[in-house]
């Protein structure tokens, strides 16, 4: 492989990995703080993408649609937490799995009912629709670079919030010891609602910003969910730092495997996961 | 002491197998229903094996369909293309081969527990799914066909014709019965005593000198072999296998059925399958958006029906489990 | 003094930078009760957990009847004859008292992978379990669910379970924690009779009980061994008073 | 006209039976029991849109006949395959054994097709495939009671090989999802392309249903072939065409493909699709009276434009009508019915076609070019193309 193309592939891998991080961070955050495994996390990715499609068409502005879609996702998150998840804190993981599987069914039905089953696409916003020439033949879409910058920005933002704010302190406390948070005199119910809504919104945001570079089809949520699981398991459940490292790892490995090991490329990330688990059953960064 | 955990179970089991014996006579004109119920019996074996693992051993898996699919695939791969093979012999081969695979897989997944195990089993099942979906030699996404059904003679005696719907139905019923008896007997045995202990309190069981990893592994292998047997039967019923047999939706709906029926009750698996499948069949014929109603039903079930239908029946009939 | 059964040499346990246990040496003798005392965080429970294999030691060696058992897995300690009770009650709450002990007894009798014999078929297992219950005085509760008996009885049951595994050494982590006076007396009586037959290692905060029961006492501070001696000498030792007991006479 | 609800359907059916019997009077001695048409298409999941279009087309054809053929009313039995192959045999068995369907229309998905074909073997129902392209359906697995009104994968890709040579391409990279339809399409393309002297320098299979194409596009850029031939359908084709453009490859390495690349996806692809060449047995813009009439009526009935899948469903309906009329309403004698079906000439919106020995359409394949968001027919790439039906012994 030529050096320049190797670098392009590396860029592809990092860019894919960063997007994976955006989805996985929400899942791992919710698990870390609340101990809830939300299988409907991927559905929120799908809902985010469809919402931005809908509002972009309605308002003629991608950016306005992003804001509206994010707000709706957050409201959905609050509703789900307040009315459903709230009953599950004292129950075991099995009930959580089941309830969130039920949610997947409902979201899929809603998607099919509202938007139909034809593949849909969202236009790249005018501002970012150009490409940059990087080798004699390959151009790189500016929007994809923007995505990477955005994901890195969000990662830095999360890092800042977690390490420097009161909310972050509670999140850290929640990750290490849930009972302790209650003793801190924090209203745990509110904290959980906020964290769940944020987690869900992160997933929806990932769907929203990737809408212009993916096609909107039924079942897109489940596919993301499974990749997301791999990331979270490799990184260590509940560890946001782990999710970041693992997402990049998965993105890069997947990208190179699809070129270098075409026969077994879809298995590669699972093999990677199995290998890591043999040596580190709790993932790379257990929290 | 009785093998049955409750009066409800006893009543249900007797009633179920009594009615089931007569089904082909009742539907003698209509092979569709016989086929449909055969499929449900097969599913019951699968869900029961899952209950053994999740409800009794305390190991939650979201990748059990992997073994269901493997059962079918192992058979489809092992048989020579133009030769009629013996059913019983291949039953043994399929279960043994899947047992060996389960041993290896179990060795990896059982190093983890709880939420980790849920996700790892899921990921490994996806990996197997992709292995078959991307393969050229195993038919890819289109799956494989089994052209010739096995013959079932033992010592020259041939009393089952797998091409006959009714015969196949009774084979499934017998298999389910054996599976139920095996689960009950083994859970009531010395082995079962340890399994129960490990589920309730793994730390204490370890401190009492049990290597819980070994017991979990044995349970995992048993459960997986049973699941593979169910998949093997399924592949025989219509003569083909397909990677979607091991998709995560299959694992998830099996879990839903196990919980709907009543986790840890073993007989609840049968209840769960029959209720879920009937609902699915019914709702699907009424509305295009059946997924919405199924989803709502699942959520209601989680919130309201904590010990499944079996628990409900036990409350109604009385004779609570000890 | 009788034979030394269990011995730790240079035992250390580090949690990150924290040295919970540091170069600890101790010997436990058969048919005697050896208690370990020290302020909270002195590393008593850590040591107990290492001695029964729950945590691996960072450094050091555990000898059991002269055999090095340091690297063994947690469950193998029990099979060697080192039984333990937990600080927090740790029993099978859904099972009956008898069943709790049967689970323990079956491990010792064996054939736990037999899937076809009913668990009730072995008279031997039941006999051991009943014997263990009898020793702690719980036989009358044999068929009561473990969650239904009193807290003190649950602690007794836990000891019965350990007994049913046929141990040589009993590691008891605060068996009297959270008990009323009456209940404590029952345990004290029980331990008195048990120490005639077993090597007992006792971690306990109830000082009256400790002084009453102990043949030997070890005082620990900050993961370090301070002193090991017979009860009377400990009581008189000024070092102990200063380091551990401080000026707080209430303890005595 | 979509009766999802069974009870509702039965009621309507009953009244239509009454109506027809009143109209035809007591004199007609002919059989007036309904002709049962089972419909096994996906109405949920990824392929739901295709299932709906095919159903619409089918119903349109029958509606033109007032839902009666040779004096017999038509009854639809609809079931959702969810495009899940594992469910196919069970659902098929319901059609053949429980509902005793005369015809079974379905499915869309090749995997489901294979499950269905196995289940209709030696049954009385006649299966009509309105979309699934698997070569084997009218090849190695061909059966007397299985017809196809759509195409074989081979047919849609084979003509492109010669077209590529004509366009002056010598070295081509081929790429598709790694599943039956894609693999068969690539093989058919390579077959004609290499026979005409071209060279397939690399064959890339993307795991289905992965849509992260960046790494493959980068690889293509590094190979720098004369052109790229792809097979994608649905969401994958939208994504691929857009990514291809965004990576700057569009102007430099021409993209050609099987027609599914731009069927039903062209709107979502937008400008990125402009100038693509594809081959298929139909195009929305096909200039013939039948197509215009069909599309106008479809639009008025369903309030959205017809597509390929609607045409194929429509032709399935026409096939049933013509065959049953030829047997004068007799559907009991399946041999005669099959014979009638083998003999029909269908006046399809795609141009007229008839069936090969293996029951696959012998039809024109058109070269199409995307212009202003439409597939415009450039020419007929292959006239009356017959699938080789490899392995079929009919």
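Per-chain numbering from 1; labels A, B, C and D assigned in written order.
Throughout what follows, a contact is a pair of C-beta atoms (placed from the backbone, for glycine too) under 8 Å apart; a residue touches a chain by one contact, two chains touch by 3 or more.
Only a predicted model underlies this, so the values are computations on that prediction, with no experimental measurement involved.
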Practice task
Select the chain whose centre, defined as the mean of its C-alpha atoms, is least distant from the mean of all protein C-alpha atoms.
Solution key: B
Fill in the blank from the handout: In whole angstrom, the CA-centroid distance of subunit A from subunit C equals 48
Exercise for the section: Measure off the straight-line distance from the CA centroid of subunit A to the CA centroid of subunit D, and report it in whole Å. Expected result: 37
Completion exercise
Taking each chain's centre as the mean of its CA atoms, subunit C sits from subunit D at a distance in Å of 75
Exercise for the section: Averaging only over C-alpha atoms, locate the centres of subunit B and subunit C and give their separation in whole Å. Expected result: 43
Practice task
Indicate the residues of subunit D shared as contacts by at least two other chains.
Solution key: 44, 205, 207
Exercise for the section: Could you list which residues of subunit B touch at least two other chains? Expected result: 130, 133-134, 290-291
Fill in the blank from the handout: Within subunit C, the set of residues that touch 2 or more other chains is none
Practice task
Return all touching chain pairs.
Solution key: A-B, A-D, B-C, B-D
Practice task
Spell out the residues on subunit D that touch subunit B in their complex, using ranges where they run on.
Solution key: 4-6, 43-44, 79-80, 84-86, 89-90, 93-94, 97-98, 110-111, 114-115, 118-119, 134, 178-180, 183, 205, 207-208
Completion exercise
Touching subunit D in the complex, subunit B uses residues 30-33, 35-36, 39, 130, 133-134, 136, 140-143, 145, 234, 237-240, 242, 244-245, 250, 284-288, 290-291
Problem - Complex contact set, residues of subunit B against subunit C - result: 1, 185-186, 188-194, 196-197, 200-201, 203-212, 215, 218
Completion exercise
Touching subunit D in the complex, subunit A uses residues 1-2, 5, 8-9, 12-13, 15-16, 112, 116-121, 123-124, 131, 133, 135, 137-141, 143-144, 213-220, 223, 254-256, 258-259, 262, 265-266
Handout entry: subunit B-facing residues of subunit C, complex
Key = 52, 54, 73-79, 83-84, 86, 90-95, 99, 102-104, 106-108, 111-120, 122, 161, 165
